Structures are given as C-alpha cells and as structure tokens.
Amino acid sequence: MLNHTSKSVLRYALVLLALLAALTPVYWMLTISLKREVDQFAVPPHWFSFAPTLEHYVDAFVRRSFGQYLVTSAIVAVCSTGCALLIGTLAAYALARFSFPRRLDRKLSLWILSTRMFPPIVTAIPLFLMMRDVGLLNTRASLIILYTGFNLPFVVWMMRGFFLEVPRELEEAAMVDGDSRLGALRRVLLPLVAPGLAATAVFCLIISWNEFLFALVLAQTDAAMTLPVGIAGRVTQYEIKWGVMSAAGVVAMLPILVFAMAVQKYLVRGLSLGAVKG
Amino acid sequence: RRNEPQSGKTLTLAVNSGVEGDALKQAALDYEKQTGVHINIAEFPYANLFEKELLDLNAHTGAYDLIMLDDPWFPKFGKQQLLTELTPLLESRGQKGPDADFVPASLALGREPYQTGALYALPYVGNSQLLFYRKDLFAMHTLMEPVTWDEVLSAAKIISEQETAGAPGGGKVYGYVMRAAQGNAAVADFMPIFWAFGGEMFDAGGQPAVNSAEGIAALNFMLELGKYSPPGYASFNADDVGAHLLQGTAAISINWPAWISSFSDPAKSKVIGKMEFTAMPGAKNPGRAEIGNWLIAIPRDSKNKEAACDFLVWATSAEQMKRSAERGNPPTRKSLFNDPELVKKFPAYPAQLRSLESSRPRPRTPFWNEIENAFGIYLSKANSGELSAVDALNQANTEIAKILERGK
Amino acid sequence: MDIRFEKVTKAFGSAVVVDDLSLVVDDGEFVVLLGPSGCGKSTTLRMLAGLEEITSGEIFIGDERVNEVATQRRDLAMVFQNYALYPHMTVAGNIAYPLRIRKLPLAEISDRVARVGALLEIGGLLERKPRDLSGGERQRVALARAIVREPRAYLMDEPLSNLDARLRVQMRGELKRLQHELGTTTIYVTHDQAEAMTLAHRVAVMHKGRLQQFDTPLTIYDAPANRFVAEFVGNPGMNFIAGRIDTATRAFIGDKLSLALDTTQLEKLKGVAPDQRVTLGIRPEHVHVTTNESSDWLPASVYVTELMGSETFVFLNLGDNRIIARAASEFRADVETTVWIKLDMSRAHFFGSDGKRL
Amino acid sequence: MDIRFEKVTKAFGSAVVVDDLSLVVDDGEFVVLLGPSGCGKSTTLRMLAGLEEITSGEIFIGDERVNEVATQRRDLAMVFQNYALYPHMTVAGNIAYPLRIRKLPLAEISDRVARVGALLEIGGLLERKPRDLSGGERQRVALARAIVREPRAYLMDEPLSNLDARLRVQMRGELKRLQHELGTTTIYVTHDQAEAMTLAHRVAVMHKGRLQQFDTPLTIYDAPANRFVAEFVGNPGMNFIAGRIDTATRAFIGDKLSLALDTTQLEKLKGVAPDQRVTLGIRPEHVHVTTNESSDWLPASVYVTELMGSETFVFLNLGDNRIIARAASEFRADVETTVWIKLDMSRAHFFGSDGKRL
Amino acid sequence: MAVTARARGIGSDRNLAYALVAPSVAVLLALSIYPLIHAVTISLHVSAGGLSRWSFGNFVRLVSDRFFLSALAHTMIFAASALTIEFLLGLGLAVLLNQKMRGRGLFRAGLLVPMMLPTVVVGVVWRLMLNTNFGAINGTLQGAGFNTTGLTWTSSPGLAMISIIAVDVWQWTPFMFLILLAGLQAIPQEPYEAALIDGSSAWQTFRHVTLPLVKPAILVALLLRTMDLLRVFDQVFILTEGGPGFATETISLYIYRTAFRFSAFGYAAAMSFVLLLITNIISAFYIRVLQAREL
C-alpha cells in the first residue's frame, strides 16, 4: 500500500528493461529480413533508417517452398503437442493422485524423466532405422510420434506438480457428487490447473515447432521437411543468407506468438481461493 | 538409344542447398519438361548433407537416385561401396566412358582409388580456390598481381598500414582476410600455403608429417599474414571472408569462385568491378589450389539406376553445364572454360582453369573428416594465439597419428 | 437405505482414529454423530463416502458391501466440513454440478437450483464465485450442493457451524422437514447440543474413535452410559461428586456432605461394595440454588456467576467439589458469598470407578 | 490500543457490505461482533487488518490513521474464518512463524509454541502437516498462531466455531483469562450466544452492514434497541405480539388478549397514539407455562414441543400469534392440547411500528 | 490450502491408474528401449580393420581423450553458469509479472518471444549481431563512442564461452519465466494473507511462503533446463561450431562430430552414457533437495 506508485513505477521500469533485452534482437532480425545484403553489414548499423525490401520474403516463400515447410511444421507441432498433452496429462494425473504398489509411481516418474536425458544425437540413428523398418521414414507421422515422445516427460512432470497443488477435497467433492474420476479431472481439476496447462502447451508447441536434428534426419524429401531444416539450409557452404533466414524466422515466430497471446490469459491467479477451509 | 527415359518415372536427388543445388534444381525442371521424368529435389544444409547422405546410404533406404557430393567426402562413400559404378551404365549407352572434355583433375576425383580406380561419380561444379584481390588498391599502391606468398604478405602489409580509412564508410581496409575457424575453414586456407612451402600431410611411409620444418614455416607465415587480417579471424568462415570483401574492408583472400558473381551484384557488393581473381601464389613450390568440386553419384540402392544415369549424363553434358555455369557454377569441362560467351561473363575463367588444372585434392583418406577436424582445431588455436605454431603442429601431428592408428 | 458399520477401524500409520466401530443406521433414520474434536467423526463419514480406505472391517449400504465400491457409485451426498466448493464455478454452477453430471434437463436443473437457493437464502448470490462469499454463505452453498439431489443418504459434516443462531434454527427446521419428507437416511456431525437434540432420531457419541453410546437424544441426556457421555452431552456438562455409598445411613457420603438415597436408588446400587469409590453425577438444572438461608439445603460458596441473559450459571464450591447450578436469569450473588443449594436426588446418576453407569 | 472506525464504508462493486460504520473500541476492551451471516463482520475485521481497501471513512489504531498503513505494520493478530494455515509447514511451523520472523531466540520460540500447543490441546500434533488434521484441530492451530504473539490487538473470526461444546467452553475460559491478563484489545466475531455473553465487555450487533446496537451483553439482551436485535439475540429469540395500547383500560390489546400494564410502562408508552400499532416483545423464559388450568392465566394451544434435555421449548398458538415458552426439561404436553400461560409483563418490551424500542 | 495427501487407490481405481499411465509408458518405451539397446551394443563394439568385435575400448578411450575431457569441462561450465543466470532472471521476472499490472498480458507474451524463434535463427541472428567487425553490438557501441577493440565476441576463446552463455540465457530465460510464473499462479491467496497478518516482510513472505509453495515448478524447471543445457547443441553449432579452436566445444557437439562426421558411433554412444550418468546424478540431487512431497 505504502508508496504504491513509486513501487509500480520501478516494476514497470524493470519489466520494460527485460522486454527491451528480449525484443531488441528480434527487432534486429526483423530489420535484417527487410534489408538488402549490403545494408545488413553496414557499420554503424542502420537500426531504423534503411530502404526496406520484401526480396527475402519473396525468396523464402515464393521461390523456395518455405510455405510448404511451414504447413508441415504446423501440422507436426499441433498434433504432437495435442497428443503429448492428452496422454501426458492423464499419466501425470495418475502419478499425482494414486499410490501405486511398491512405490511404482516414484519409479515410473523417474524413468519417464530419464528418457529425456540421453543426448538425441545418439538416439537419432536407431530411431531413424526404427522408422525405416516400420516404413514411417520421411512422413509427418514419424515426427509427430517422436515429438510426442520428447514432450511427454515434460508434460508429465509439469502437470504432476500442478495436480499435487490442487486441494484433494475438490476432487473428492466431485466424486461424491457422482462424477467419474476422469469427469472430475476434466470438469474440476483441469480448469484449476489451467495456468500450468497453458504454460505446458506453449512449451510443447515451441519445442516441436523448432526441433531441428530429428526433422533433418527423418526427412528425405520435401514431403516431411520442416521449417527449421529449411531455414538451416540457408547457411550455405560459402555464405549465410541472413535475409532469408530472418524472414523465415519472423514468419516462424508469428503463429507461436499468436498462440501464446491466446493462452496467456489462462495464466491467472490460482483459483483455490475460497475453495476449502484450512 | 536403348533406354529412352520413359516418362512418369520419378527420380529423387539429394542436393546441397546453395548455388550448386539451385542450379541442379533448375536443370531438373528443364529435364522434366523435356522427358516427363519427374525429378524430386531434396535440399539439405551443406553442414549436414554429408551426414545425411552417409546415414541414408548406409541404411540402404534407396531413397535417393542421385546425390551431390563435395569431393573430400567421396573417399568415404567410395571405400564403403555405397555408390554405383558408372562405367557399365555408360557403356550400356554406347559410351566407353566419360568424354575427354572433363578436366582430368576433376574427373579423377570421382574415381576410387584416386585417378586410377573405377568411376563412381561425375564432376558437376569445378570449384578450386582462387586468390582474390582488390585491383583498385593494388593499382593505387602500384603493386603487381602477387605470384608468391611473400608478395602477398608485403602487399597486405602496405595496404593495412596505409588504407586506414579506405573502406566504404571510412573504415580500415585490412590487407588480408583469412578464415581460421577450426575444421574445414582453417585447413582450406592453410593447405595452399602449406603446400607452397613444401609441406606434406603424410610422409612417404604414410605417417603424418604436418609438424615438419616446412609445415612449421608455413604456419608461422600464416600467423604473419594473420597480423593483417581483421580481428577475430580465428573464428572466420567463408561468410565472414565474403562479407569483408563485399564490404570492401579487406583487400586479399583465398576464396571460392562461387563468390565471384556476388561482387558485381549491387544488392550485395560495395566493390563492384574492383575485384581481381588469380591462381594460387607459390613459394618454394609453385602455387597449387585446393580443389573443391561437387560430384554427382548414383547410390548403390537406387531403384532407377538407368533413369538416374540418363539424367546424370544429361546434366553433365556440355550444354547443360553451360546453363549451370551461367547460373554461377564453375564448370568442369575445358570447352566451357574457353567458351567465349562465358569468358565474357566470367573474365576469371582462364585463371580458374589454370588453378583447377594445377589444383590438388585434400588427402584422399576415408578419415579425412576426422583429420581435418583435429588439424583445423590446432590451426585455429595457433591463430587465436592459444598455441605457438610448433606446439600446435606437434599436437596436431600426434592427434592425426592417433586417428590413423584407430583406423588400422 | 440402511447403513451398517461392522468392526470398522481406520488407522493413519500407527495412529488409530476410528477403532472397531460397529453401528447400524436404519433406513430413513437421522443419526447425529457427537464427539470431541478429533475423535474420528469426519473420518467415519469419509470412509462411508469411500474417500478414505478402510483399514479393517466392513461397511454396508443397504445389503451391498461397499468397501471396494468407488465413491461415485455409492450415490451419497456429502457436506464437507471445509466446504470444498468448486472455486472456478459460480454458486449456481456449484449447486448444479451434481445434476449436470446426471444429465438432468437444463430446465429442471435451473429450477431446482433456484428452489434450493431460495431455501438456503443464497438466491441472490447464484452468479457469484465462492471467493466472493462470506463464510456462512459458502457453507450454505456447500449444503445446497448436497440437498439439491436425492441420494441414498446424506452425510453432513457440521453443515451449520458457521451460521448465526437465527439462521441455524431456521436451517435446522428446513433440514428436519426435508429429511422427514424424503425419508432419506442421514448421518450428521455436529457440535451443537440443540441440533443433536432436535434433529436426531438417535445420537451416536464417539470418543477417541470408539463408540460410547448410541441411543435417542433424551436417553443420552437422561441416562448417559458413562461419565464421558454424561460430561460431554449437556452444556454445561454434568456435575460430579466423588464419594461412596453408606448402606447403613442409606446415603451417599461425599466430602463434607451426605445425601439421602431413596429405595430404588439403593436397589440399583446394591452391588456396590461399601468401600468402593462411587461418583455421583447431577446436571446443573437439577441443582437448585437460593440466596436466602433455608434448613435442609446445603450451604455452598459462590465461585463465579456467568450471566447468559436467558439464564445464569452459578459456579459453586461444595466441599472440595466444584459444581455448577443453572439459575434463572434474575439470579444474582456476589463471589465468595454463601448460598444454599438443593440437589434433586431423584435425578442423580451414579458411576462406578470404571466410569460406567451403575 | 484503542481502535476507532469512523464512518467506514465498504462496497464490492455496487454492493455495500459495510455501511457507514462508526465504532470505538477502548484500549483493552473485548468486543464481540454479532450479526447474521453475510452482514459484514469478516469484512470489517479484514478492513481493520488492511486486507481489504476501505471504500470510504477512516480507521484509527491508537492515534494512528491506518487507512494506508500496510498490514504487516499494523501489528495485529488475526484468526481467519477459514484458518489460512501454511500448507507446507508443520503445526509447530505454523504457530512459530510469526515469532520466527520477529527473530525471537529459538529457545523462547519452541517454549512458547509448546505452551500454546498445550493450552489448545494440540501439543500432540505439532509435527503434523495441516492436511493431516481434523477440522477442529486446524481451527485450533489457527487460533494458536494468533495468540502465540502479543500484538496490539486480536481479531478473531469465529475462532471456536468448529469445536465441540466442552472444548469451546474451555477455550472460552482460556481466551477470557488470556485477554484479561494481557489486556489486549480484542475484536471477536461469533455466532455463539454464550461466547458473546461471557466474553464480551460490549457487543456490537450488525445487520446488513449497519451497526444496530453497541452495548454491554446484558443491556443488549434486556434492552434491545430494536426488534432486529431483540429477535436476533437470544435463542430462541424474543416473542412478538402485535397490538395497540389502550390507555383507558391501561392495557395492551392484542388479538384475543388484553394485558394489563403497570404505571412505569404507561409512562414510557405515553407518547404512543391510541390507534398506533405497537409490538409487544417478551422472551421465552418470561413466558411461564403450565398444564393445569389456573385462573387469570391465558389459555393457549400447543403447536409443538422441542425437548432440549436441559429444558423444553414449547411452541404455542396464542390467538394468531406464535410464541415460544421455555419450560423445565420435565415439561410435557401433547400437540393441540390447551395449556395455560402467564406473561411476565414486568419484562415486556414495546416496539414502535418503525421497529425502534419505545 | 493445498491438500496433497494421495488418494488411496480404491477398488477399480487402481486399474484405472494403470490404464492412465499406460499410453505414456508405451510411447516412451517404444521410443527409448530400442535406441538404448542399440547404443549399449555399439558402445561395446570397436571396429578394427573392417570387422568389429566386443570390447570396452570405447570407454577406455574416454579417459585418455583430451578433446572429450575438455568438452566435458566446457559443458559443465556452460550449463552451470547458464542455469544459474536463467533461474535467477526467470524467477525475478515471474515474481514481477505475477502481480496485477496494466498490460501484463502483452508483457508476458513479449517476454516469451525469444523462446519462439527456431534455434538456427537465434544462432544466426546473434552470430550476426556479435560479429566483431559488422555486428550490430560493436557497431552500436562504436556509434556510442566506445572503443570495441578486443570485443571479439565469438572469436576469442574467453569471450566465446561468455557469448554462447549469454545467447542461451537470452533464449531460454523465458522458459524458466514461463514455468515459474505458472507455478506462482497456482499458489492460493490465503497463506499470503496469513503472512501479512503475521507481519512478515515481502522478502520473508517470498522466502518462507512463496518459494516452498512453488517448489514443484522450480524442480521441473531446473530438471528440464539442466538436461537441455547438458545436451546443448544447435545454438553452439551455429554460433561458434565449438570454436575458436576448441574453446566452446560441448559434449553434444563432440558427440555429433564423432558420430556423424567420423562415423565412430560406438565411441559417441560411450560418451553419451557418461553424459547420461552425469545428468542422472544431478537430477537425483535436485529431486532429493527439492522434492516438496513424496514422489
């Protein structure tokens, strides 16, 4: 309450500083995507005044098939995020709410986590061979499956933590009211962990959206080529196509940004207010 | 002709995303129009293309009917028998082999063993290093086109010391710009000097000999040259070098022909018409460039070898290669280097041909990647001042020895 | 639906909180669970609801053994001691929830919600979120959520504890009516004497997880099975005077006092050995007190008086016993002064040294 | 430390929940806030504690205007109606927290915690987490956390609501003693008649956010300022009989009844116009009832009787008035039978049509 | 209050529990078992002159491999520094943006942007900005009149490490921020009111109420971030390729070269197991220290 204003001024100052730090490079990237090569290296750099050109965007999305990569990326990201959230949340719920015999739940949680510890570089080849043998090589399906796998540990651990935070009474009430466990999960628990769910979703989406190595290994033709691989292709043997990469980067960023904007409103104060006495 | 390519067929190409790939892409479109054979191009970053192809071919997926290879990769593919021998396919077309128009140095790259062995790939892009320099500055300071490394050094010295504000935008012009990033970059810029100073990777017994007296002299010379290079060159790659040249902040460098067209592109270049290109300078030995050709081969597991071969022959034919040349890729055919139209467009072609014919491949060992990596790290360390030339080369030598040891 | 607990025990780790509980609640009966804080009342309800696993023993609803039956299939309605409202739903949403799950037609749902809302005087709050409610309002929402359905049984854990006296009397009446109309078996935890007395068909008194007495309210009050019940039920609880029975003088001999016993009482107390310690219990309302001296009344000194408005509690020192008398609201007496009291021996209770009623 | 509310108003959006409240609590005074559920008691405490912004008006603690003072610096201790325990701390941790942050020596902390724990009979639970406690135990932890300190004032929001009668009487005593010893100003919200009567120096009765009466418990009980107070305080509340004053017959005339008035009363009622409606109020304990006919008593028919054990409430139809009489526990009468009642007119209250006391 | 006692599996529920975890377990098994077996076998093979045989050679080679050891060291330095900074910054921002303030939504979304860019792009953009001679940073500094000689960001061994740490911090602090914010949001209001009443200062409240209650989120954040940091690949690969010299070579980079460039898969796998072991130890440590309640 006291010196309310001065406090909030300070707060704004700090936040804006952080924003500046976060967004300057992005703005720079934006300018690069609109600059001709000569201007990109100008010293001192042109932050604001330069002759903009859409050349690089045209190059990326008209001359090259980045448009198609974008679609593939979108499909893969959305599907894998969806799957991961779905099955991961269920598992998280079980691990948070049931006590398995012989501490099995503990072991499971740890194992699930550990699947994320192995460096992907080494698993890439066996997975490549696996996909070859099941005939999924060079398909979007293969990427969806893989990314679901990558995101699962995260989803499970994240959501498990949030479930543990929710007063158990609420669920009990739901079940006494005759709701099935899953019904209670859907109608009571999930709305209450919306912040966690939102954060998790954003993160999963980002991971699958930007994954590079496996996309590279599993794609054989444009059929399954994702945006990051396409973008990386602009680092050529002799030069780096800064403009095209930035242009693609800008475009790649937008969908996620929109999504983040959309879900961030769920990042609101936890709702267990007034729920239970104690 | 017996196997007329029947339309409706599909070929899949793995190409390097870059000018070479783009050229082949264009060609593919034309080919499709002509023959109705659909050509499916898969572009991959240069940094990963090798791994990608190796993995895929080893896994026998048969996904690709044709692949582009940078020549240093070839020994690995050759040794592991992953490619289709071309001669039989050519003979089945009534050719006894590749025609004589190919530059021998380039064609030799596609044979395993080198020069003498069976033919597995045809050269498509005839890169070999050139010495780039700013003729305007050279003229200004009354300097001759350098033919020895010492001349390069003194020229670099003079320009560095005098052109402190000569760059567009008023910056300093560095006499020389080299790339000493670990790995490929450092090695590529070092090899010409190394060879010119009489160094050899391996002695007669096949043992590593980079730390020979000549080697040490060469590296010391490189460091000397480094004094006139922009700060931080120890981490430079081709793009940094290109940027410096295009921005007019450096006067001399070793680089690849692929850059030549850029200098006349106003969207990129601040030095239009000021660049000159020439063959490698020499020292104790005559100058020899490192060759860096792009080859095209047919994987063993391709299911359309015939059709693939048809395309290969077509794409490397004189008239197609001319189109690719017009798109900025140095050819691998003598006839094209001497083609008046092209020479008019690319005045450096004579120089390039000379350089190409006298060029040397990187040592042809399947462990080249590993060796280049280790060697490059120490070269880079020397250039960044972490190690003295002697220590760097000694350590490099032992590492290389280890690698060969493991290979046995 | 009748409910049976058979030798039910619940232990958290080593701590036994419900101990060998056997209890039969008849169909349509209204049973009140009474007991000190922490004696295991909520746990008992929670086991019945299937929210706590039963350590040993069996629970039956009707003829069905429900030990392994999942909560949602037991079809019970429960008012949680700590409300457990759904914070993200409006009051209406909270109340409607159990109906929505049963896929009732929307019209009926809103209709029922409105009715219950009006009944519990929260009709005006239906669109609020729980966090915008007062304590008592929250409690009423919790109650509403339970009574909006017609389950096999109601379990209510101190459903009125946060309501004001007036509202509580009123709600009490409504619950009684409701339960009477529907005839739904109800188990009801309360700490409020009046609720227990007015609502219960039978009262079960628990102590340290053990059932002490299970009988009609009046019996519990007028014939407590042991000292604990006698002291716990009634507010203030029963007075106790230590002493022994002297068959010779046909009297109860305590510290500095001797109280004559009538034949029936002597009959009851025949079994008691002369030297055995006996405790006499008598309720405050059976201790008559007056300020003006009167023969054959006992003198006692006033320790303190508590004015309740409607009545006055007089704390007295009688010998080395401290006893409480209920007096009219007009009664006044200064501390330390001597007053005269009379114990209505016809209403006296006697307990053996084991605390059991004699 | 004395506490002053001056014209304090609190509105949530458009809803005014505390309305122009002015109240002065003297230093060391024990004030009980009484009022129906949702009348604004908790909000009042929360404003005093600085947990709710004040919409208008001023609050003073001592001479300091605290409207803008941050909660931490008001140095008050509060028992929250919903406990608000720290879920991650043990009981001991919860109780110790206010001391720990005041950097008291560990020895003293543990010593104090132990003392308070013993006092509230949660000594055995100190190592438990709140989630492993029963409702009453949680409430006691909340209480312990407040009384472990010596703040400028205690704010207690129904601190005993979930405790059993016995424990409540006991805690009541402890709180009274504590407050007496420390002389700490205390504002205490309760719905329990007995607590209000026994603990309070003064009782503030609120209704719909407005202060109705602020006076000593007995005054509140014996001279309620208006009908609301009269009905709200007392359990069951006061009986009301509508009628008018007939100065000629010096009597109160109601439906089928006429009650003689004495001079003092007539004095009081002089101002009342003959035709003006007047309400007579009389408390159940001042309605004497007997089954055996007696002259000059009024006949009334029994509607229902409620047996409380210690006493019996008799609901009667007197003309078209429903009145309640308090009778001894032995009193029995069947429904519909006629009984005879006598109103102790000396204890009658009269209220004008505006509900104000005459 | 957050009641987190575990539901006692009642009857059919236990089967439900298994049914719920089954899909996740299935997917992860499918994706991890085969690769693991594969990795174990190849790591226990060395190929000498064409034919390969069982041997511990790869693991023996580890201890004598200078490149490996220094790569390990680099990775540790990198991970430790980046993690610390990211955690502190992320926590600070989360706390900052946890309170109500106008435009909070935009700020939050804005702060997440760095994480949304494809890593390749991040690498490239920073590489461009950090460029010693043409980079925006040095350029702007010079413009502001600073002397930037010596600020050869990615080009000198010392600065290069700092540069890649800085870039990682820039890109991944939002991750910490996001998770911790979500964690903070899940904390109920009541304990805070109690803390105010008990007179605890903002800091004390943070220390004694907020931190303990947000532990689960912290745990997850640290765990996942650590794993990813220890496996860091893309950024470094684009930014410095491990250079100059070997200054910023991380384990993953080295594993990558070994596996793909030099086709020494066995040795790469062997190195991976070391990394796996380290990650395991660290994770176990976190869990022991931070596990708010029984797992």
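Should a chain be cited, it is by its letter among A, B, C, D and E, assigned in written order, with residues numbered from 1 in that chain.
Operating definition for what follows: a residue touches a chain if its C-beta (ideal position, glycine included) is under 8 Å from a C-beta of that chain, and two chains touch if they have at least 3 such contacts.
Just so it is clear, the model here is predicted, and its values are computed rather than measured.
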Chains touching both chain B and chain E, listed by label: A
Farthest-lying chain, centroid of Cα atoms versus that of chain D: B
A-C or A-E, whichever has more C-beta pairs in contact: A-E
Intercentroid distance (Cα basis), chain E paired with chain C, Å: 58
Where chain A and chain B are represented by their mean Cα positions, the distance between them in whole Å: 39
Rounded Å distance, chain B centre to chain C centre (Cα mean): 94
Residue numbers of chain D (touch at least two other chains): 50, 70-71, 81-83, 85, 87, 130-132, 135
Two or more partner chains touched - positions in chain E: 1-5, 8, 13, 131, 133-134, 189-190, 213, 260, 292
Numbers and ranges of chain B residues touching at least 2 other chains: 47, 55, 243, 247
In the complex, chain B residues that touch chain A: 12, 14, 16-19, 40-48, 52, 55-56, 59, 61, 63-64, 70, 169, 171, 238-239, 242-243, 246-247, 255-256, 258-259, 262, 266-270
Residues on chain D engaged by chain E in the complex (per definition of touch): 49-51, 70-73, 75-78, 80, 82-89, 97-98, 100-102, 130-132, 145, 149
Residue ranges of chain E in contact with chain A within the complex: 1-9, 13-14, 16-18, 20-21, 23-25, 27-28, 30-32, 34-36, 38-39, 92-93, 96-97, 99, 101, 105, 107-121, 124-129, 131, 133-136, 139-140, 142-143, 170, 174-175, 178-179, 181-183, 185-190, 213, 216-217, 219-220, 223-224, 227, 231, 233-234, 238, 251-252, 255-256, 259-260, 265, 268-269, 272, 275-276, 279-280, 283, 287, 292-295
Of all residues in chain A, those that touch chain E in their complex: 8, 11-12, 14-15, 18-19, 21-23, 25-26, 28-29, 32, 40-45, 47, 87-88, 90-91, 93-95, 97-100, 103, 105-106, 108-123, 125-127, 129-130, 145-146, 148-149, 152-154, 156-158, 160-162, 164-169, 171, 181, 193, 195-196, 198-200, 202-203, 206, 209-210, 212-213, 227-228, 231-232, 235, 240, 242, 245-246, 248-249, 252-253, 256-257, 260-261, 264-265, 267-270, 272-273, 275-276, 278
Chain C residues touching chain D - in the complex, by the definition given at the top: 12, 34-38, 42-43, 81-82, 132, 134-137, 140, 157-158, 161-169, 191-194, 197-198, 217-218, 221-222, 231-237, 283-285, 306-311, 326, 328-329
